[in-house]
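A quick write-up on the structure given underneath.
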Amino acid sequence: MKRGLYIGRFQPFHKGHLYSLRWCSDKVDELIVAVGSSDKSFEFRNPFTAGERIEIIRENITTEIKEKRDKIILIPVPDVGVHLLWTYNMDLLVPRYNTVFTNDLFTSMLYKERGIEIIHPDLISREFLSATEVRHRIVSDKNWEELIPTSTTKLINEIDGVDRVKNLYNLTKSHATTEYHH
Amino acid sequence: MKRGLYIGRFQPFHKGHLYSLRWCSDKVDELIVAVGSSDKSFEFRNPFTAGERIEIIRENITTEIKEKRDKIILIPVPDVGVHLLWTYNMDLLVPRYNTVFTNDLFTSMLYKERGIEIIHPDLISREFLSATEVRHRIVSDKNWEELIPTSTTKLINEIDGVDRVKNLYNLTKSHATTEYHH
Amino acid sequence: MKRGLYIGRFQPFHKGHLYSLRWCSDKVDELIVAVGSSDKSFEFRNPFTAGERIEIIRENITTEIKEKRDKIILIPVPDVGVHLLWTYNMDLLVPRYNTVFTNDLFTSMLYKERGIEIIHPDLISREFLSATEVRHRIVSDKNWEELIPTSTTKLINEIDGVDRVKNLYNLTKSHATTEYHH
Amino acid sequence: MKRGLYIGRFQPFHKGHLYSLRWCSDKVDELIVAVGSSDKSFEFRNPFTAGERIEIIRENITTEIKEKRDKIILIPVPDVGVHLLWTYNMDLLVPRYNTVFTNDLFTSMLYKERGIEIIHPDLISREFLSATEVRHRIVSDKNWEELIPTSTTKLINEIDGVDRVKNLYNLTKSHATTEYHH
Amino acid sequence: MKRGLYIGRFQPFHKGHLYSLRWCSDKVDELIVAVGSSDKSFEFRNPFTAGERIEIIRENITTEIKEKRDKIILIPVPDVGVHLLWTYNMDLLVPRYNTVFTNDLFTSMLYKERGIEIIHPDLISREFLSATEVRHRIVSDKNWEELIPTSTTKLINEIDGVDRVKNLYNLTKSHATTEYHH
Amino acid sequence: MKRGLYIGRFQPFHKGHLYSLRWCSDKVDELIVAVGSSDKSFEFRNPFTAGERIEIIRENITTEIKEKRDKIILIPVPDVGVHLLWTYNMDLLVPRYNTVFTNDLFTSMLYKERGIEIIHPDLISREFLSATEVRHRIVSDKNWEELIPTSTTKLINEIDGVDRVKNLYNLTKSHATTEYHH
């Protein structure tokens, strides 16, 4: 059996992610989707909790690619202090896999050191289809909804996500930011 | 929608767990199965990694309760240094839930402090159907296979689990145990 | 100015502690009371949170030794992974001090290595006046109230402390104890 | 009884803090003053240890608002890796409280999620009365003493605080900054 | 070039260790000696700091096997929370190696999983030549000096090691043990 | 006996380091070389693991200053979360020392607080002989080899160090950098 590993932060899950999920899951029998930086949330780069992101991705799978539902395995994976231990810690948290799908330079670097097969998934509209773009559009009241599937919009609204992203952005600009919390 | 949370360590997943999964998933629309102590493995009380346990549980669901597959959400959840923060950390890692299924005293205690509904799932043959019993039967070459579903046996054999459990047990008895590792 | 450091866990604060506080604060201009293991709670040896313990001690000071109120400084101090760094971490969290009051062997050992003056406070009825004894009397429904000042009893009752201690004790006896929390 | 929680880093304690302490303690029976980022010191944004800050604040209370001394509870509170767990960890370290006094956006955000009452304390001369301003004036040999109460000045001088702040500032500008320490 | 890895805690370094060092260094061009549990000290099982143990081992090498001095590399290696990451963390801290010398079951288990060559070094007088035996003889005033080389004795005396070991042993027997430090 | 402590990160070891090692080891009987930030690697400021750096430094010592080999002690030392505990943690990992060699402001500051003798080692060509300069020359294909001894070049090539440094530099410029790893 061929099992692939696809890694992302999904802050938030957008149309590019959906496209990649479809693309990757076509290449394997089962696809592990690692929800990275699962220990991060409530900061501008990582506004949503791992639980919220998993809820959003599940909703998207059910609505958009239901036929692939049974082959996709969602797993939250935390960051690790020592970079080089990150892929080994990954191995402890997810089912065994033969292939890594990633376009991230650092992930590629770490897996290449270990001699594991890396596939660069096809991307669509990379120039504007990114989570960073979505967050910045939210902040500046531009059309962010067009970049993400309806299921993501629905859940973001349910949890007051727009307000949260805007508040977190404002914090990055103030001096007092998260002074005594993190 | 009613979403329940069922917590276990599944070291390993046995017939009692399977029974509970069936029982609990009948009570809710979706059931989150938290694979606890996900940061532990290769010790006698926790021989299997979170990834291995998830693989085993998935296989069991597919084989034994396929019809409930789409309503079950498997999530690894690590231990937390400060007891009282454990349920709050749980909330960050899993989708929102309304009910907790548990027979564990401490889990009940922590959730009761927060005023969240707790349901004690029905148990079968509790007197001998426990993961502890399974591990001890493995060590003493007694009939452990009768306590666990076929899918668990199959995967334990695939990863040389019997040898691992025996080795880890021997370590608990030697002076030199895990002296300079943990 | 002479400032002393008195260290304890106060699980819970009993008549011996009260006696020592009075005794030690007579020897110095100001007395820092370090509430140790401030990161521990909800375990049988450490049932109460640092916040609860501080509330209890404050209440005792106000009721019993009000005249010493202004010279006592309560500070929660967490455990530290590396033993030898514990006293140095202490120094970062509390005001400067010249003297350490302790009857604990290990604390004495660590401070002696640093050449800091140690005073062994006078003890009363050490044979039965200990927090361990209080907790065990609570568990076995013996007269625990006679060992502690009224203010402690009042606050323990307010937070359902008796039930908590009993539950935590039961957990130490069951196999399933705190399996996937700590 | 009404108990409030006032949170700050006090790097260092200035006239605005003193004003707020007076203002907040008038609104409640007891005021917990959480000394945040208690695990930080010897960096430009956090030059003073928690112990030093507590010493300074105590001195200020005694000198300036002695009448409120008995209702103020000083507690050092460390940062926490996971933002959302910070307020829950706070609850473990301090006595129970009903109200939070804060003008910090992030603190407000976190407590609002939990539905706890937030009061924005009155501020005086916010435009120049900030700890950041004090530190920058120290660095550039401008009149920093006018921004802080006499007790703060006295203690900063006692611990060679001016030199420390200047040294830490120089480090932020050099490449070699704190390379192998933190 | 053949480089071997020899792992021990050396609490303290005894004649068996010396024998093994000689034996192992004969088999390779360079021998890394990993001083395990380097983050532990001042507890009965780990009385000496990594620095002290390195000082002791260096002294032994100089005195007893000077001719092997240049091929031996001493490196302190801390414990790691997650067992399975321990060998990978080892790889980050020491020069590259081809062979592992160990008689420890758990180390063997972890390296076998990775397919790395393991050699079980020859042992002498295993029945009484162990660090545990040395510590217990120290505690009970039996002849511990005969188990360790002169250099170890000399340095243990220099740092008052006998007193330390006895004190730490007494702590393991008292209730109050290291309550609020670790 | 006079034992000195020389601290560096050696990312990578260059001609200035070699000069300092020679200079410092002339002043003492033994010289501890602490390889700082030993827990860091695979980031642009810290491309090499502690193990790789130790291998490189050993090779340099053997080739360039063989006569000093026996008096030099190489020890990896990790960063510590709380700045002020860093020097105390150092003391646990290395043999006892009387003198600290450093030109680093922060190290000087921390040791001065403890009243330990600090010597500022002689520097050569500080204006361009720095590890930062070496890394930037590698990135821009300028002559970096002239800044480092032959042994360093040899080992960097052996482990594909040039590619690694370039990749890590590219990551610092991309948005996606090490998003879900650290």
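By written order: A, B, C, D, E and F. Residues from 1 in each chain.
By our rule, a residue touches a chain if its C-beta (ideal position, glycine included) is under 8 Å from a C-beta of that chain, and two chains touch if they have at least 3 such contacts.
What you see is a predicted model, and the numbers here were worked out from it, not measured in a lab.
At the subunit A-subunit E interface, residue numbers used by both copies make up over half of all numbers present, so the two copies contact each other through mostly the same positions. Of the chain pairs listed in C-F, B-E or A-E, the one whose interface repeats that of D-F (more than half of its contact pairs identical by residue number) is B-E. The distance from the centre of subunit C to the centre of subunit E, each centre being the mean of the chain's C-alpha atoms, comes to 36 Å.
Centre-to-centre spacing of subunit A and subunit B amounts to 26 Å, using the average Cα coordinate of each chain.
Counting only residues that touch two or more partner chains, subunit D has 39, 41, 49, 82, 84, 92. Chains that are in contact with each other form these pairs: A-B, A-D, A-E, A-F, B-C, B-D, B-E, C-D, C-E, C-F, D-F, E-F.
Against subunit C, in their complex, subunit D makes its touches with residues 38-39, 41, 49-52, 54-55, 58, 62, 69-70, 73-76, 78, 91-96. The touching residues of subunit E, counted against subunit C in their complex, run 39-43, 49, 164, 167, 170-171, 174-182. Residues 82, 84-85, 88-89, 92 of subunit C are the ones that touch subunit F when the two sit in their complex.
Put simply, subunit F touches subunit D in their complex at residues 7-9, 36-37, 45, 77, 79-84, 86, 104-107, 109-110, 130, 132.
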